[in-house]
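First chain A sits with chain B, and in the next complex the same chain sits with chain C.
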Partner chain A sequence: MAVIENNTLAYPVSPHANRGGLKAGQNRIGLLLLLPAAVAFAAVILYPFLSALGLSLFEYTVEMMEPRFIGFENFVKIASDPDVWAAFWTTAIYVALTTTGTLVAGLGWALIMNQPFAGRAVLRSLSLLPWVLPSTVSAFIWGWVFNSRYGVLNAFLMELGLIDYPQAWLSTPEGAMLAVVLTKIWLSIPLFMSFFLAGLQNLDKEQIDAARVDGAGNWAVLRDHILPHLRPVLMIVVVLGVIGNLQQFDTIYALTGGGPVRATTVLSVEVYRRAFEQWDIGFASAVGVLWVAALLPPAFLYLRMLVKGN
Partner chain B sequence: MFDLSSRQAKIVFFAALAAIGFFLFFPLYWLVISSLKANAELYRVVPTPFPTMPSLEHFIRALTAGKLPMYLMNSLITSTCSAALVTLLALYAGFSFAKYRYFGRQPVMLFMLSAQMFPFGLLLISIYPLMSELNLLDTRPGLILSYIVFALPVSTYMLYSYFSQVPDELIDAARADGASDLRIFHTIVIPISIPPIVTVFLYSFMWSWNDLLYSMTLIVSDEKRTIGPGLLLTYLNEVNSDWGGAMAASLIASAPIVVAFMFLQRYFIQGVTAGAVK
Partner chain C sequence: MNTFTRLIGTAAVALALGSGAAKAADLSFMSFTYAEEANKAIVQGVLDNFQKAEKLTVEPLGFAWGDMQKNIFLRARSKTLPDIAQLSERWLPTFASLDNLVDLNTVYGKDKLEAAFAPDALAMGNINGKQLALPLLSGSIGMVANKEVLAKAGINDAPKTVDDFKKALVAVRDKVPNSVPYSMATKNNGSILIDFMVWNWVHGGRIIDDAGKVVVDSQKSRDALTFMVGLMKDRLAAPEIDRPDSRRLLAQGASAFYLDAPQTRTFLRDFSGKGQAFDANVLPMPTPVLKAGDKPVSVQWGHLLVQFANGGKAKADDPADKFLTYIISDKVQTDLPLKMSALPVTKSARAAVADDAYLKNWSAATGDARRNEVGIWSNAADLTNIIGEEVQGALLGQKSADDAIKSMQARLTTSMEKAKKSE
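Entry: the complex of A and B
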């Protein structure tokens, strides 16, 4: 995708760089250079992936020495397991809310950060901070904000007269979902903003000036020029956002542990619990396979964009 | 981009700035402020907007009484090693993808990149027995190797994007002078690639430093535990919640990564957005 092209050119290489590659004959060296990464990839990514897919067809629990082949029995069990269905539903809600929320806030913040004003550079740098914090730290921050007894959120809402007494946010299903969703939106705004800002860099300013001369207002400029220009970036951001949100584990686990009861048990938490708390490896793998299936459509879209971009 | 000369436009713009800015920055402000409040002031139903009597007691306690320094050291060791390992692997693989034209290059590269989408939690299900088989469970090398999962695909792609822009003429000229490919790579290509290399190192360092899932599953003994699970177990366990300590320890644990990031953010953002968008 050409949108970000300027960025890589900011590195100190010739603008005449040729992407054609070297002449044939050195291919053996090329494969040799790839070998270490390929071995590492096969060992810690590909093999575990295939092995997990395979394990979904086995019964393998903590009491068993060897996995026992049971065909699709795990999937049959899943079909009648309301907990797994609930996890799918919870994941759908979580992904929808976080992706939409981050999209709106991230785009808004990028447009604001694209406008020249005093102190913008500092603000831009600072707004990247949530992105780099350890996930446990983000969970601590939001856990403290949402704290039932001493949390600043309760204090705020009471001050504004919106609630009469402190709410135990993390103990109610809706409150806990709100907390994990806000945490994730907060975490992802920097990344979304960076993508949008990169896309805004090569916006045609003369075209906008011309539109202004013709009497276009801010809203018209946004609707007719800026948003259409950002469309390709928007697609990438949505797809990457969905993939990331489908996979989110750390902040949810640290903040609510998937609770109260199962209110924030998304697929990642479900798989973790089945595998490492109940040690039902076969069943966990089967749920994981369905999780991968949910990831396939956005992953396919993403790859297609990459291939087109190349 | 927007014309803010009218009063109405100004109001909308600054209202949006204030709203999103508040959402982004208030939690960070609250983290810092809370870490500086003594317990008597911290645990109040109506909180004070800033500490009336700033106190470093939580920081002193975090650094002296608990195991935080040990967790930090463990994280430093595992993150540095895994970042170095990932960077090294991605360097050669990225160069190979960018400058050689062998059969299957494009599909292999796309496949490696798509692996970023294999759920980390699912991989862990089989990484766990694998590490157990290799006697690497509850060891630093085991965790370091597992961390390859997080960053190798994107790191390789980031370096591939960069190396693709290095002119072939540069390499061909050196080759005409009789230099071997490896020598060309080490003495000509790597020296002009320091910014992307540092970016990739920082990127993979960040993944390992910030990890909770793998560390809490693959490491059992406390003396090898990293900060992610370390913080969680120390400050928010079933028995007590030490929020002041949690805030101070959070700041200490975030400091190294934040400082590194602030110095390198320009390259970092270029690398990440270019790697994923192009």
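Entry: the complex of A and C
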């Protein structure tokens, strides 16, 4: 105790010293480093978002030079607009199918890529190809696959004798939805696979070997060992998948334009159509605000997981 | 040289280059023809010649036809409109309320414009007494056939009635493998509108009357849509066809008929890979009529040029107006429209090209064109979407023709509540 007291006397503390001084300095540097990102965020995301939020309370069509304040009238119109509700429903179907499909396909592919076999490294690299390609390029590739006149799918099925004449896959609501879902799954597999592969490489191999010795089959190993181990990854991947699929626009617009009729008109396409086909910026902004509202729950879940370090 | 001096020097050079780039052109010209592979060189030639003649440079801004309206709309909102823009005639009412649009009567004088232009062409750019656009080229949308495909199907004469037309389509389907006998537009609302409007007129129907009342819920319109649905069911037309697809199919001998403007010849030359040698196959023909003796129908068509300037004020010696003056001169008008297989818009140029065989045949085949009954309304974009969606729904079997017509009537009526007409 005496030693401590002596040391304190040897390094006298200034009466003006601020106990939080060092921490405050660190905070200031932290804020300074954050500034460029914050400015970019404010300019590119926050300002347009607040602008859209404001415009949702205005009538603003191509015929008007200045917007006219109408309060919540756009939202009242949305409530009775069957097309917007149909877009919500279509979005729900699209997000459910793409997220589930990518989860299953991504996990399956990761399990295969986790097995030792010759050429695994090359195949792993090739698996990233859909991720590398621009999404609109991918959409056009799939458009070519499904095209009714010169599509690869029709040629293949006719070669096998399964169909007599070319089918218009993109002209039926089910075919068009299937096409946009398959395209998005194909695009997302690399990302999901990478997450799962990282998780699988942390899996204790001895645990699996022990389970095998105890007579566990493939399904039992997957159900009782691999899936519980991947649970945190699964949670993150599902939430990220839902957010990404809710935001999807480019592949759908390039592949089907939201059609046939409105069969693949998800919320993003609906916003685009209202703004750039019907020239109603106010109404489009209101739909956009609801679209953001739909994104908030999964975004909140994701942030909560990040903050909790899950 | 220290770092600071280097930085100052670099900034000065960058500034000089930047201001040089900003002053690179005397005027900007937004054009969809400039974005078309088949026509880009033709427009570039006009720009180059204008530069030589007037010592003024033009910055060309090419956007695809389908993206033009969106780009003008966005540029109007961000106050970055070009000096001159090319429009389809049916888009003008949508943009008529932009306050930067110049009334060209105030620049050139109404009398001078009326003396120079053919009345039908000038009328396309006139809205409620204001000359908001000058015509660039004109014509009509009518039916085109591929003679070679007709010959393969054993068809000697172009079908004159709807019944003959269906027989010809069946012959093509049965004798020309993997063909789409009639490349009817079944994709893209803008294209579907034209096909429906034409067949609706053929059957005696209207979509919207002159007073703005929606009148599509009629037996005649039902018959028209039922006829189109029948073509799909009998595999005489196909899904997933837009106008560019139709052009390619006809050019490649995989289709016998489709609807287009006279400039189709230029596209067909390009897409067939045969150039002018393909002209022998191009047959402009009257659109088949319901019964012998009926008048064939076609839709008025044209490209317009609009000028944007601060407060909508401009003078004839402004660079943009010198460009407009140049582009409607006989030198350009006796050349550019012909290269694009379309009719010139000035009286003198029309007189000069009166002997052009293709344009004569086209005019004779399509007769007096009717004004697009949807394109004259300020809410034309919304009307086009509604009609496109309902017709496509029926064509693809998602709803009956009867339900589609009823739904179209209800939706169009709601849309027309705030519409303004251009006259």
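In this text, the second predicted complex is superposed on the first by the 276 of 310 C-alpha atoms of A that agree within 3 Å, B and C clash if a C-alpha of one lies under 4 Å from a C-alpha of the other, contacts with A are read in each partner's own complex, and residues count from 1 in each chain.
Here is the rule we go by: contacts are C-beta pairs under 8 Å (C-beta built on N, C-alpha and C of every residue); 3 or more make two chains touch, one makes a residue touch a chain.
Model, not experiment: these values are computed from the prediction.
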{"item": "Partner chain(s) touched by A:62 [first = chain B, second = chain C, both, neither]", "value": "second"}
{"item": "First, second, both or neither for A:250, with chain B first and chain C second", "value": "first"}
{"item": "Residues of chain A touched, compared between chain B and chain C (which is higher)", "value": "B"}
{"item": "Touched partner set for A:210, first chain B, second chain C, both or neither", "value": "neither"}
{"item": "Partner chain(s) touched by A:189 [first = chain B, second = chain C, both, neither]", "value": "first"}
{"item": "Touched partner set for A:276, first chain B, second chain C, both or neither", "value": "both"}
{"item": "Contacts of A:173 with chain B and chain C, given as first, second, both or neither", "value": "second"}
{"item": "Touching partner for A:121 - first (chain B), second (chain C), both, neither", "value": "neither"}
{"item": "First, second, both or neither for A:147, with chain B first and chain C second", "value": "both"}
{"item": "Which of chain B and chain C A:163 touches, first, second, both or neither", "value": "neither"}
{"item": "On chain A, the residue positions that both chain B and chain C contact, one per complex", "value": "147, 149, 276, 281"}
{"item": "Chain A partner contacts - residues on chain C that touch it in the complex", "value": "69-70, 73, 77, 94-95, 97-99, 180, 186-189, 235, 238-240, 245, 249, 378, 381-382, 385, 389, 392-393, 396, 398, 420"}
{"item": "Residues of chain A touching chain C in the complex", "value": "62-65, 147-149, 165, 168, 170-173, 257, 259-262, 273, 276-279, 281"}
{"item": "Residue numbers on chain B that touch chain A, as the complex places them", "value": "1-4, 9, 13, 16-17, 20-21, 23-25, 27-28, 30-31, 34, 42-47, 85, 88-90, 92-93, 95-102, 105-106, 108, 110, 112-115, 117-130, 145-146, 148-149, 152-153, 156, 161-162, 164-172, 181-182, 185, 192, 195-196, 206, 209-213, 217, 227-229, 231-232, 235-236, 243, 246-247, 250, 253-254, 257-258, 261-262, 265, 269-270, 272-274, 276-278"}
{"item": "Chain B contact footprint on chain A (complex, rising order)", "value": "1, 3-5, 7-14, 16-24, 26-27, 29-31, 33-34, 36-38, 40-41, 43-49, 51-52, 55, 105, 108-109, 111-112, 114-115, 123, 125-130, 132-137, 139-145, 147, 149-150, 152, 155, 166, 186, 189, 191, 194-195, 198, 200, 203, 208, 212, 217-218, 221-222, 226, 233, 236, 240, 243, 246-247, 249-250, 253-254, 267-268, 271-272, 275-276, 281, 284-285, 288-289, 291-292, 295, 298-299, 302-303, 306-307, 309-310"}
